[in-house]
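The following pair of complexes shares a single chain, chain A, combined with chain B in the former and chain C in the latter.
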Partner chain A sequence: MIKFLEPTDFSEATSLLDQYAEEAKVIAGGTSVVMMLQQKLIAPSVLISLGRVSNFDFIRHEKDGLHIGALTKLRDLELSEVVKKFCPALAHTFSVVANIRVRNQATIGGNLSAADYAADPPAMLTALDARAQVQGPNEKREIPLSEFFLGFYTTALEPNEILTEVIIPALPSSARAAYHKYTSISAEGRPCVAVGAFADFDPDGKCLDLRIAVGAAVETPQRLMEAEAMAHGHALTDELIAAIAEQYAQALDPLTDVRGSAWYRREMIRVFVKRALQEVRDDR
Partner chain B sequence: MQIKDSFVINAPQEKVWEFLFDIPKLGQCVPGIESVEVVDDKTYRGKLVVKVGPIRSEFGGTVTLTEVDAPNRIAGTVEGDDKSSASSVKATFTGTLTTVAGGTEAAFQVDANLRGRLAQFGGPVIAATAKKLTAEFAKNLRAQLES
Partner chain C sequence: MIGESVPMLDSVARVTGAVDYMINLRLPNMLFGKIVRSQAPHAKLLKVDHTNALQVPGVVAILTGEDLGANAFYGVAVKDQGVVAVDRVRYVGEPIAAIAAESLSAAEEAALLIDIEYDELTAVFDSQAAIQAGAPALHEKSPNNIFKHAKLRHGDLDAAFAAADEIFEDTFTSPVAQQASLEPHVSAAQWDGEHLTLWTASQAPFMVRKTLSEILGIAPEAVRVIVPPLGGGYGGKGHIRIEPLVAAMARKTKGRPVKFVLSRAEEFVTVTKHAASITLKTGVKRDGTFTARQVTIYWNGGAYADASPMLVPAGMVRSVGPYRIPAVSVDSYGIYTNLPPAGAYRGAMSSQTTWAYESQMDIIAHKMGWDPLEFRMKNLFVSGEHFATGEELHDVHFVECLEASAKGLGASPSPLTPPPGGEGKRGRGYGVMMKSTVATSKSQARLKLMVDGTVMLYTSTVEMGQGGHTTMAQITAETLGVPLSAIKVIGPDTAITPFDSTTSASRSTSMMGNAVIAACGSMKKKLFELGAPLLETPPDQLRTENGFIVADETSISFGDILKRNNLNELDEAGEYSTSLGLDPETGQGVATPHWHQGAGAAEVEVDPETGRITILRYSAAAFAGRVVNPRMAQLQNDGNVIFGLGPTLMEEILFDGGQPTNPNLADYAIPSIRDIPNELISICIESDKGEMHGIGEMTLPSVAPAIANAIEDAIGVRIKDLPITAEKILQALREKAEK
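Entry: the complex of A and B
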């Protein structure tokens, strides 16, 4: 028998988590936790549901950026006019996660906390320099997403912490972003390669800032600062884009699974980094 | 699935070999080991807890040595299962010790066949976990042998 607890706010939830420690598992939308329960990969004696925690399904565009409550459903993010206006590529990223039934149920906090390597939002959010706000029994803190994913299904969350909010820093009006998902099995499948790209340009079209995060093909979303720096002060020509894509293909150490071999993924990283960069260059 | 790894310990080969056959001491160096028991000089029984994120598996099993060439090489088989996830593992392994410039190089190769629900996790997760466990094991071994 699993004890099902329904706290009504995050402080109650974190004290319960602190109390039950390793026996407990936090559940939000349940798309990941229920699957693991059914397959008996996890066997918690306590489930701490966030279903009754209110006021954390918000999407707010503030001065410092976009604030998203951890319990916001992916479907709401995909359809949100606020998200579309803030960054169309981000809304697009949520729209390609699994299928509509999953998106109606899955939350952004759950998606990130599950730290499934074969997921879409982590790569785009990493490229956008997002931060996770997390709460423990005694204090709140922020973790940059670049330091949040530690490995397969493993995050920087302490055992008694819960992710409460995702913050994406404000984007300059001259910036553009793109998300490219490559699926190798079915259209609604998990990504074989995920590429999130962000670039800012001066009025002459020279690149001021570039961030590219590759996910799904590697254990955690990866950025290569050296390759990104190749673009600084230059226009994104086809040659430069090809050179950056080549760096990503060479330097990353892709994994092999049912969605593709390491060799195949390396080839696809080259293709999809290139396409994502072409999109940020051309899509005005 | 094949897992291969190696590490160097700054200690003489004989000393490393001796330590590896001191089962209670060796057990303390294996990350996640809950119990280990010597059945006879070729057979050992143990329980190992492995954690990947929220997933905790508890493997009980038997290690049988099929070849012992002191102080250079061992080979054997492992059979075990994790009842809660209905998974089982069968593996053959070889391990070698070689004297190198920095001390002794320990190298091993495991050919494992994992069945059941854990197997769907696929190679990358298991390989990465094996790598982490090896690194931790090597660290523990060094702490014991390099003092």
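Entry: the complex of A and C
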């Protein structure tokens, strides 16, 4: 029998986690944990539920950026006027996760902590330079998402830490973002390739800043600084976009699974980096 | 009443979750069952030790091969499958032991403690590899692994090929797939002395009863099989599945009931769609007619023959196609491999065969420079012609089906926002299907009229979401002349409801429908006899209307007829059966009481950068004979197309050394609401003869070839291996560009 614990705040949750250590698994919306339990991929003796933790399902636009409580449901993020106003592409990202039944249940903290490579939010949030605020039994700290995902189902969270908040830095008004989810099988499936793109432009349309994160086709969301730097100071012409997309296609090492072979994913990285960049260029 | 779109009788209950599915069944004192399954694809069982498992608190009994007698083997024709494995396992997932415990967690804990030792044998997974010399034989009685070879021989094949101007030879494959009904397999059993009651989610309660009586050595009448409404069947519950194991387990629990619910992962090793490799050699003349067709089919039956000895000959008949072909030869092989047993899958065997013959139609048309639609129209059977079995075809409407489905696409291309790349290529494709139903089967129905005018309809037709009970109620209401609200449908329960062969092969509306009509006829005759003196009118001048017997100027309610005759109730029965078949050596004879006829037309758009296709429109036409309920008929047509998109575009169980690697609905994709074509057009063709046909499969098998044909029309590539994934299309596009 699995013991089911229901702490009412994060301090209690982290001390329970500290106490049970490797035996315990934290569960929020359960869309990931329950599936892993059913498939016997994990076998914890204790489940620490965050279902009774209050005040962490918030969405706040503050000076320094967008703050999202870890227990916020993906469905709420998808529908939030605050998120839509802050970054329409981010709201779109949440709207394409799985299906409405999953989104009504899944939380952003759970989505990121699961570190499932075939997920949508990680690529977009990585492109937006988001940070994870995490809490341990004694201290809080921040981890940039670029350092958060370490591998398949593995994060930089210590065994006794819980993700409590996601912070997305303020976006310049001249910046634009795009998220492209490519599903190769069912339209409701997980992504074969996920591309999050962010770009800022000067008044002449020259690119001041560019960040592209590719997920789902690789173990963790990947950015290529060199390829991004190719855009600095230049307009995003079709030729430049093609060159950047080619860099991503060549440099990344895609994986093979039911949603596509490494060969196919390389081809799709090229296509969807291109399409995402075209969108940030054209979508005013 | 027939021809009215009344809502399904249990539609509200289905939507609100109030239906008493098997999964909700709780019996007093009930135990929970768990199956221990083989981890090896092919092995001798050296040891199955349950000593430690029995010590787990809450464990009541454990079933292993040692408990089984010599008769504990089953299968439709070849009894090769044990209730649990004895001495040897032949696929990953094969039941080796079962546990009954006070709680599911106790059963699961005990399952881990069963000590099994395997001596692994060489395994073979591919049907064509399994028939090569030197391949490991799965069963002693079939040294070459072929458990069934069905043959059809019609006309002088050599002469006919010699007369051809062009000969085409193509091979088309379908992978292992799963029926994936929302409700898993679930059964519960309870013994009372030598009497067994079994509750099960099955499409064939009397087949279950017969098999259990044989395995358990008790009379069929000592077995009571009760079937609550199903959450989908699709053929996956059409034959014997976990019922023998559940019944055998319950025999060891001293009268306590035990219930088994399979997990989704277990579903994928319980029954599958046959993987098939189909080679068609077809001769045509320059005038656009056929001379000959030779078909070779390798069906991957998995580790046990199961229902395949019946399905492999059905697949033979269903592989020829609805075209005039003077000489035909078919060899249809059922082959053992170390994969889970294959069974019926909605559109059984036709899903694989139609994929082959309708794909080849377009290959031929393109090569010969013919219009694919005209080529089909010119060669489709019409009434009065003879099929390759020698039988005369009646009530044939292939041309109407194809015309209607093609017309349903409309003259203008579908309006749609451009795809992301902006360069989508569009095409249209067509497919026609000809499928037999069960040649020999029987349906019985019983009606009981009560004093208050209620009519109880006792039927063993299984309600599995298709609306079978609503259909039978409508037929009763129409034929008997009573309001629909007066009818209560009871069953299936083999202790109460009369015999029916099976709810499958789209046979119920026709077969059970006719049994219900016969029962209504008897009931009316009886009521006329009893009512005639009361109305002072001869029986032949009476009619029924709205629950009354009506004469010219007088009438009396059914209930009052009973009261005036001092009767509490009136019981009448009806039966309908067919007894047909083919010669086993030549395949000549009569394959089916009537042919299932359907057609489909697809308009697709292909993104040439990704290979991903969007189905803009799909138009499906079925020959329905006479439509009982237009709304439900449309839902069947739509459901067929949506279901058909699965094997067409995405469904395939992947195996690694016989172990399924995607046995869950996150990795094994089935069509979602967002995969449905932007426009779904449903057409039912009716006949003036008014014979009712089933429509549960008619428009399904055409989906795959219609889409493949539309893809070739759009971008000039031909996919011959299902499923048609975006990756395969892109690969084909690249290969074409390199040429």
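What we mean here is this: the second predicted complex is superposed on the first by the 284 of 284 C-alpha atoms of A that agree within 3 Å, B and C clash if a C-alpha of one lies under 4 Å from a C-alpha of the other, contacts with A are read in each partner's own complex, and residues count from 1 in each chain.
Here is the rule we use: contacts are C-beta pairs under 8 Å (C-beta built on N, C-alpha and C of every residue); 3 or more make two chains touch, one makes a residue touch a chain.
Note that this is a predicted model, so its numbers are computed, not measured.
Using the contact criterion defined above for the overlaid structures, shared-chain residue A:39 touches chain B and also reaches chain C. Of the two partner chains, chain B is the only one that A:152 touches; chain C does not reach it.
Applying the stated contact rule after C-alpha superposition, one finds that A:25 touches chain B and leaves chain C untouched. Contacts of A:258 after superposition: both chain B and chain C are touched.
Contact with chain C, but none with chain B, is seen for A:188 once the two complexes are overlaid on the shared chain. Contacts of A:267 after superposition: chain C is touched, whereas chain B is not reached.
Looking at the shared chain after the overlay, A:63 reaches neither chain B nor chain C. The interface of chain A with chain B overlaps its interface with chain C at residues 39, 258.
The part of chain A that touches chain B in the complex is made up of residues 25, 36, 39-43, 115, 117, 151-155, 219, 255-258. Those residues of chain B whose C-beta lies close enough to touch chain A in the complex are 52-56, 84-86, 117-118, 120, 122-125, 128-129, 132. Remark: chain C residues 105, 263-265, 420-421, 609-610, 612, 649-650, 654, 661-662, 664, 666-675, 725-727, 730-731 touch chain A in the complex. Listed in rising order, the residues of chain A touching chain C in the complex are 1, 35, 38-39, 99, 180, 182, 184-190, 258, 260-261, 264, 267-268, 271, 275.
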